[in-house]
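Should a chain be cited, it is by its letter among A, B and C, assigned in written order, with residues numbered from 1 in that chain.
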Amino acid sequence: MESTFDFSKITCWFNDLLLGWGLAPWLVTTIECILVGVGLLLLYALLALFYIYFERKVCAAFQCRLGPNRVGPFGLLQSFADMFKILIKELIHLNHIDRFLFALAPYLVIIASMMAFAVLPWGPGLQIIDFNIGIFFLIAVSSIGVLGILLAGWSSNNKFTLIGAMRSGAQMISYELSIGLSVITMVAFAGTMNVNEIVLAQDRCWFIFAGHVPAFIAFVIYLIAGTAETNRGPFDLPEAESELTAGYHTEYSGIHFGFFYLAEYLNLFIVGGVAALLFFGGWMPFHIPGWEGFNHVMNYIPGVVWFIGKAVVISFIIIWFKWTFPRLRIDQLLKLEWKYLLPINLFNLALMVVIILTGFYIH
Amino acid sequence: MATIQENIAAKFPQATFEEADVLQINIPDAQLHDLAKTLRDEYGYDYLITIVGIDRVECLGAIYFLSNTKTNQEISIQVTTTDRQNPVITSIADLWSIATIYEREVYDFYGIIFLNNPDMRRLFLSIDWVGYPLRKDYDNGPDSNPVTLEAEPQSDDTHVYTRGEDGKIVCTEKPIFAKNDFVVNIGPQHPATHGVLRFRTAVDGETIKKIDVYMGYIHRGVEKLCENLQYMQTLHFMDRLDYFSAHNYHHGLCMCIERAAGIEVPRRAQVIRVLMDELSRIASHCLFFGTYCMDLGATTMLFYTLRVREQILDIMKKTCGARMTFNYDCIGGVMADLDPDFVKDVKALLATIPANIKEYNKIFTGNVIAEGRLEKMGIMTRQQAIDWSVTGPSGRASGWACDVRKTHPYSIYPEIQFDEIVMTEGDSMARFKARLLEMEQSAHIIEQLIDNIPEGDYLAKVPKVLKLPQGHWFQLVEGCRGVFGVYIESDGGTQPVRMKFVTPSLNLAAVVDEITSGNKIADLITIAGSLDYIVPDMDR
Amino acid sequence: MEVTTKSMPYEAWKDNEYIEGLVEELRANGTNVLVGTLDKLINWGRSNSLWPLTFATSCCGIEFVSLGAARFDMARFGWEVARSSPRQADFMMVAGTIVNRMAPVFRRLYDQLAEPKYVIACGGCAISGGPFRKSYHVAKGIEDIVPVDVFVPGCPPCPEAMIYGIMQLSRKVKVERFFGGVNRQEKQKEFLADSPVAQKAEEIINGEQA
């Protein structure tokens, strides 16, 4: 642990520096907030662009294709080109719609996923806010997104978007339960809702190994529910191409559509990041109890790399789902949640409690 | 046949008979319904192949082609009317459901009103279309029906014509949907309709209540165009109806013309034609799997199935010179000889097919989600299939053995060993599997032929300008999606008087409402996709 | 200024004169350095990210599917994000015949596309009516209905030809001017002046609004 660089040293130093210049504490906080905000936006955009490229390449690989390779080396600049184009694409003004809600919806979606970023622990000390109900906050803000989707579908005054939004509403509310329960299972295991403490508790052994059977079940359920939460195949009913043209965002053009597009990929990252945090030790390097030399080597890899690496691997699995499975039907989707995942989840939570009480886990 | 003719003659003294390749019964309109009912119930002619509208200048009329699904014999009924202003024929829509659509087509082209048809609207053309295009006196000038960008007038009502007590024809309006239905327009520009087809769908939440199919968004008037072209020139349209069964359709039209003109096709050409038919069947089914799975969200499958299709297209490109519109079969044989690499390439293809089919099964057929979505979905019974004349793999998946290669063996098919795939479930999964199995059978047919391509001419000597004797001919072949029929009527000249193409996709689209109502919107995609219609094929 | 494309020599292109003409037009009035650079950046983005609308009426549509498949893989160029909603697409590949009944729908689809929008007439039917030109129910080319940027002949054009066509479109996009250049809406007016069918439609639309 000692050799992993603690990022809080830099932030503390910066804070002291500003205070040392004689600035008022409120001003210091404001400056810091703005800097963090700008940094977050940049990171957000870059990550989303990376994800767009990543998904295209992965999907191309599954489909025996090459994927983007013309724009920039290996097609790396492809998503930048897409961004430039989408930024200056016309925003179509529609008649007979609720203009305010129509314009508000994409921002709600993107703000929801941005706020979830706030509590993700990127590395030791590299976290925007660290407070005792971190996980709770994460679940709360990530469900604002569904409001944006519902508004988008309703305000567009289009039958397809309405059906898409209703599907999305039903789906998100159902799967929110599964996510919540599987997260609670892990919170019960960790004994805290504080994100940082959860990560630190996995110093010796990641929860997925420490909590063995119930943790693994929780992970599988989390992965399924997470895929559904991000509206990705096989649960992409709200924007099912072949049924509803483009689902709830059919009527959106230009950057407003861009927001939905980006948010989809960012949510993918968030699902991956939370899974990494709860099951795979967040930024914590891979440690095997007893192998001190090996652990020492692992510590040299920075925490940020560990965290992003884990998140990307998990989101790769979700991408893999999308390009393999056919889509579910709405009733099958809800049946899966209410008849299978929910009871299993409740049982799993009880199992986890028993395991904690009996101490039958890896210490 | 003779007994039927005698019995009919005894029962319907007004009927006259005409021996052509199919026995034709001429009957006045008043007795049409009775005759059709007698033929269906007493003689087992339960499959209505098509209704051909005709305009012989002195009279308008319709020819009904019926087939017996047990003995596979055909019979036709001809009804004519001399009234050009208000031509009226009694409907048989209560005997065959598909007749509703067929009669709408005839009404659209010839303006013949069918009494008691529950839905007498135009089928392909808009409601404000002036004139009836397939009538001989139709004005095809640039001003009669110009291209307009005004939104097409829509009506929520349909018409029903009945004969009142005083003998006058009464027109009543009937709404298509119930008053408070929530109607969603699916199409014409929609990714799941496989082209420009429009479903007006009344939904209750996610459940479909009724579907009204709108066609004609790609109606190109092929039948009318053919009337002004020489026989040789009509061939190329066959590539552009069902572009996946281009070879099969060519085969059908060529056979019909050859039979009429009495041309003997060299054996080599016949073998080549059958080889090409079966190759295009494999390619067509491959694309079906791909697009179908893509509709269901499993996009990756498309890329695997297109691999085989590309391989077949390569083989065809070498011989025919094109990837899609081949125009390869021609009257008297085929256009060009086989490429020297043909046998080698086809053998390479055959070697890959079993592995590919295994892979498709692995990716899709055995998938839990796929099973959940396809099984017991959109069940079509054998009776429904016959009632709606749904042929091809879709009909066979419902247990109706309707493969023309077996029922009316043509070309060299009688000599070939292959099984007709008939399933009993009738659901979407059966339709999917029937195509997979058919692919294996096609490969089996190719295997038998590929080493036995006889040497010799590939094209018989045919006059440059072909004249057919006076008369009419009807020919059926098995396309990739079902029964394709050609009706040619000639007055002895170089151009046909009437050419009618019976395409399977029309029936496939017509049956969608019947088997989809009550299911979810998502199932519309599952069911319509599994029927595998091609929109230009139904619109012609 | 040559409009260059990655791994394709300039001489290999046909219609270079046409593009050079556009370049001349672009240069005619001179431009600000900053604006010029921004223009280049925007054009780079636009030309490399042409998203098609999934629109096909007949045979050509199947070749368009092949274009997306592994062998021709239009994803290489960044064209693979085929959008089903016209609001989000950049260009429309008119693959297939447009008939009378489809024409109003087609025009509406074009109107629903967000600017900048482009049209490729793909195949004989879209260009002139093709083999169905004499039919009673076929539009004789889509040029009367919408302004067309690139024509790709063939029946249907092979996927290679389609790639060439879209690359030509991409070249055209590269010499556009976003700031203060020829406005696309003015182009629209020019088009309206030429096409009586579209003119009439415009009148009707204006009439409805008034």
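We take it that contacts are C-beta pairs under 8 Å (C-beta built on N, C-alpha and C of every residue); 3 or more make two chains touch, one makes a residue touch a chain.
Just so we're clear, the structure is a prediction, and the values are computed from it rather than from any experiment.
Asker: Just say which it is for the chain contacts: an open line, a closed ring, a star, complete, or other.
Answerer: Looks like everything touches everything, fully connected.
Asker: Compute the centre of every chain as the mean of its C-alpha atoms, then state which one is farthest from the centre of chain B.
Answerer: Looking at centroid distances, A is the chain farthest away.
Asker: Name the chain pair with more contacting C-beta pairs, choosing from A-C and A-B.
Answerer: Answer to which pair has more contacts is A-C.
Asker: Can you check how far apart chain A and chain C are, centre to centre, with Cα atoms defining each centre and the answer in Å?
Answerer: 38
Asker: Measure off the straight-line distance from the CA centroid of chain A to the CA centroid of chain B, and report it in whole Å.
Answerer: Whole-Å distance between the two chain centres: 50.
Asker: In chain A, what residues contact two or more other chains?
Answerer: 63-65, 241, 245
Asker: Could you tell me which residues belong to chain B and also touch two or more other chains?
Answerer: 190-191, 303, 307
Asker: Spell out, as numbers or ranges, the residues of chain C touching 2 or more other chains.
Answerer: 69-70, 84 - these are the residues of chain C that touch more than one other chain.
Asker: For a test of understanding, state which residues of chain B touch chain A in their complex under the given definition.
Answerer: Residues 182, 184-185, 190-192, 206, 293-300, 303-304, 307, 363-364, 367, 369-370, 372-373, 520-525 of chain B touch chain A in their complex.
Asker: Which part of chain C faces chain B closely enough to touch in the complex?
Answerer: Contacts found on chain C: 54-59, 61-63, 65-66, 69-71, 84, 86, 96-97, 99-105, 107-109, 131-132, 134-140, 144-145, 155-156, 158, 197-198, 200-201, 204.
Asker: What does chain B use to touch chain C in their complex?
Answerer: Touch list, chain B to chain C: 124-126, 133, 138, 140, 144-152, 188-191, 195-196, 216-222, 224-225, 228, 236-237, 239-240, 243-244, 287, 291, 302-303, 306-307, 309-310, 323-325, 535-536.
Asker: Tell me, which parts of chain A touch chain C in their complex?
Answerer: Going by the criterion above, the answer is residues 56, 60, 63-71, 75, 77-78, 80-92, 241, 245-246, 249-254, 257.
Asker: Under the stated contact criterion, what part of chain C meets chain A in this complex?
Answerer: By the definition above, chain C touches chain A via 6-7, 41-42, 44-46, 48-49, 69-70, 73, 75-78, 80-81, 83-85, 87-88, 90, 112, 114-116, 178.
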